[in-house]
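Shown next, in structure tokens, is the structure this report addresses.
Chain lettering (A, B, C and D) follows the sequence in which the chains are written, and residue indices restart at 1 in each chain.
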């Protein structure tokens, strides 16, 4: 294997990402001397590609000893891993296209570094630590988690009594989930789906399973390009929201008969099952935009099929006994990370998401004495600080409250409101 | 005055509203025998027109002794008031086009009934009670408040030590603010603005002051019809959200120079001031969609102007000394309630908003022993129940979690997630 | 009748319209001295309200002797008619709420003036002249027609051998139909529909009959505010266009079962018939946005109904024997002209449409010798001139072709294209 | 070179395309026995990839002797060329990544077959024939041209006296340009731009040069995903259309200072010049969606730059002396064909575009005696037939005119219109 050559393209990718992550440039500038993470080992578990690399560099620039590992079998890039391992203060264990077993070993290697803090994706490393290295639980200051799936999983750990440290639900901050989930997942899931299949969105029947932030992004961006969109949901408020926003809402069994393209974004499993596939049109395309590759029942599909073949790079065709073909993308893995054209989220999105992780980590460490074990909301002030930084890098100025306006917000008597306090 | 004639058109309006508020029909059906409000006096302060009337009827059908009063000087309709006063279990005090002083008297009359519960709009009656009838504070079980402005005002009362009972922030529930504020205010502010001026949205420069839920609705619906939209904000996260959603974000001083139409929706005061009006284009149109008529500084505009005249019904023209004219709509009052064409929010929106008030009231009363004085979030279960009711009236079915999916949500170990718990 | 009072409000309306029709101001400025219409009698048939009034003034300012009459029984405004009749060079015959017979008489009065040119709406006056005053055909220089319906009708006259003069299809110019039909009809049909019913667009099933320019405007603006839209069509290309733009396309018989709101914009008759009404949901709302009140079969609906009543101003309820109610707006007349809140198209739209009529009239007169009898396309140069005028009034500058770019457009050999001619 | 291996992946690609081009399946079915092209040699010049391949097969199935060649140096795929050359009735000359000189040779080879008809892209082969093989002009029955650029170029040939045969402007048919240009170019230009740069559309300032059909598609789809869009134009009507549709319109010199991403779609040259590049922001991205790589002045950019380097696959960075970097995509070639992720237009789009070419070719041949030399509009009936075929493959039914409706369209007298003919 040619590591040097690898590192070279890795550095090119890092250069590009760095040039498009201005909030991280601002963070490095601001914290280079202050070094808030000095003396701490921070483990980062994520898709190890260029944007994550810039985040790792920035943590190191702020004083951390950084150890990294991949959060998903297929989403890390070897050239970026090689380039990162050449940097001071950064060490890691990740590889593209590993088995589940090998992924567990890479995680174990990262845990050897006995991290003080974990910055996690889908709670992969946190769950691994709780399961395999309970001895490390004592020393851990906390966890910051960046995905919907991970926060849900940490809540399950709390319910199970398995969490003994504070966890910041970074995904729940508006500055993360509105941009990363709605815009980042929305854009990248659709563009990768379209270029992997060479199909058109305009005029298609698109079924979006799940109307959380990721589903919202996918559904509205698909409609905005001329698709007719049907949403499936299990939560009545989300269903009603979709309806009021002009989308069709149907149970999965009905939606199955209508869709040309199906995209799952529920954070759950077996959302599209054999019973649904049996009802689908010839040529239906199935793709997943949720963290785990369990939202579409690929085994169920295989069991239904009389034949299967590679239809094109990233697309497997399953032929049902009656001749209909159903196409599964990327074996049901995250289409924006596993597709042949995939590069994960756009750079500006990860600039903001990782900035939230950075600032949440800093806040957690500064307040760790006061934080009980359990899942915590990141304070609004942290969120606002990231928003302000981002606006600054965009050159956008906003207004400030006048004194009279501040007094108005503090008043409640009718006279004071109408005639000034 | 011809009250009988009044009552007749009032009944026609109530009939129309009733036919378009199916959630209230479902509530009457469900609670007619159960009578959860039996023995209680409920005071409702709101814009007293047909949709509010259906809400009042429904409270009475569920056993309440209902007393009503208007929340705003210009937004109640005499014929509906007359028709309501003919109904059993409903009494009230409201009139169109009253002075501030007269509005205070009408509120005082309503308070004579010594309500057990207040269902409020902009905290008008709650503030009045705390200010003028502190003797009634003791007996009050609580308040449910349906507007952004009102919740903010009740929080100011809490900070001021003036709140001695629990208050449910009904506005904060997704089922209220997403529909009422985004869709209800969004649609009705724009349609009334357009028909009052006979102007076109397409091709206009629209400035929306405030990107809360009302501002979001107005901004996106204006853009969707071909306007170029600029947002002004004081909160960095809202500003960034607007930017990422494709809107221009500018300080008010810059926006003032660009806009053809200005719409305020901040819940604050003096958002558009003389210093901004001086910079505006000839023909700029100013309208307000927030609760109080203090968002646009109408006095400041009058002071700037060399002449003023009625330009058309609902539109006053202020001519600056250099000849430019600025048009103020409805004296800066809520354009969707005070415009010549205004009928308040669409019926389906109020069906949902008032259903939230109804169910929140029921929940507050059932749990009042457990609720401390202060502002409370309405539990998600109440919100979900209203959403389910509404979906039912729409004939929309959704999926339920399977047992395996529920187990998945409770699991956290990697193996359990990938291979089933 | 108080004509003076009438004229006063008419003048106020004209003032407002004049202030919002800057292209007409530019035309008056440009042609005041030149007087291209000097010595000619121009008959204008249209909805006689304030915007039309500004057009008439402008024709008079350019030298014409102007005679006007109404194009539709319910769309003229008496106060504006009175104010116009006070102006020099303008005389006319129009009245609000006349019978069909009376409308014919008013047309006959206008024809007494023996016009040299007709500027028409729906070909009303042209058809009347050909039918009733064939003696005037000889002297007529030509016709400019501004509606889809009118152009179609003039083509029918051609096919019937009834046209002996040139007719400019002003409606066919992009500067007319894209703005007047898409934006003008689109916005005004929907806002009037919504304020007449006090209903919400968001979440509604809207059926748009006809996907010509008016239908396109209505359909896309309805969807943009959260409606699910179904289109019905008889032309395959329009149907496919709607499909590719993300709208559902269905035959009327199917659409009838789905819709909450139905809007016709076909320029044909009996588009919604009793056979469709029988299949509709309880509460379905029917409105028309096409010129004639024959698109919805109101007589068929009346024949189906067991009872009918006024449900609210502008809305008649027809109760079917099984209890379902169907609501018909404005007796099936143009909802943006006949609704209680109606003021016709927005001012900026008519500024452009009438400017097209003005410039087309000027061009037709200048070239009348060269133009054969029949329907003619208005030359692109006329269209471009109006567009340039409008851009100027908006303060918008655009680029000009460089010399090299002009050469490129004239070249065709590969070498010249790739390396410069 | 491994032709066999090549042909294998070529066949896989053809299989995928065939499965997603149902209109072509219908054409093969319909014309297999009829063989309308029997005895004729048809030369097709286009991007030779899988969708084009299915078109070629279909021509052959309808009896033609097909010869093909590439229309652009970088857009043909060797594996598809190999697979096509294995098919009966199809022979061709195309190769990926050839020089301009080599492309001319390939064209010459195709012309050796002395075609009876040319189906062209950007008029490449037509211009070549007129320029290099005028001897063949005599025998040529005609040309069908599918691009805006090509139609403009053929008009230049007419003006230059170089055209001696009829040419069908297939691009001008609604069924081609609305779908291929608006949806096909719109989607594929943006998705390829985004995946080549790994950037986000939401929140970007996008400048679209040219508001023809391609520009319309790009501009509206960019805005629909959260970009702020500025349009530059040289034609006042297009500029005004953009303005009324809610887009900013500016001269290029101003737009240059604002844009984050620039996309050219004008069909002209030197649209973005050094004088504009000098004013751009650091990090500006330039991409082209027009046929020729001359819209962006790449040489001018190189002359400005102090350094240049490959920033990532498909992206070259030009560093100005003051340190700003400007990124040029794919050397200014068509981004949806030359990008690393590019696969040209989506399959459904080419299904329709090539079906238009097929049906236009058939019509031209059937009527060639009656058609004068020059550019002709394809009759609406051809367009409608393709639309009907496409609707059929989609399973969409539409209404038919009733007899009464047909009579209405033929009537013009008021009485007949209002009361039936």
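Throughout what follows, contacts are C-beta pairs under 8 Å (C-beta built on N, C-alpha and C of every residue); 3 or more make two chains touch, one makes a residue touch a chain.
As the structure is a prediction and not an experimental result, all values here were calculated from the model.
Set side by side, A-C and A-B show the greater C-beta contact count at A-B.
When you average the Cα atoms of each chain and compare centres, the chain farthest from chain C turns out to be A. The distance from the centre of chain A to the centre of chain B, each centre being the mean of the chain's C-alpha atoms, comes to 36 Å. The distance from the centre of chain A to the centre of chain C, each centre being the mean of the chain's C-alpha atoms, comes to 51 Å.
Contact of a single residue of chain A with at least two other chains is seen at positions 179, 183, 202-203, 225-226, 243-244, 394. Against chain D, in their complex, chain B makes its touches with residues 202-203, 223, 225-228, 243-248.
Looking at the complex, you find that chain C touches chain B at residues 12-13, 15-17, 19-20, 179, 183-184, 186-187, 190-192, 194-195, 198-203, 221, 224-226, 283, 310-312, 315, 325, 341, 343-344, 346-349, 394.
Residues 100, 104, 123-124, 127-128, 130-131, 152-154, 156-157, 159-160, 162, 174-175, 178-179, 183, 232-237, 239-241, 243-244, 249-252, 268-271, 292-294, 383-384, 387-388, 390-391, 394, 396-402, 404-405, 408-414, 417-418, 420 of chain B are the ones touching chain A in the complex.
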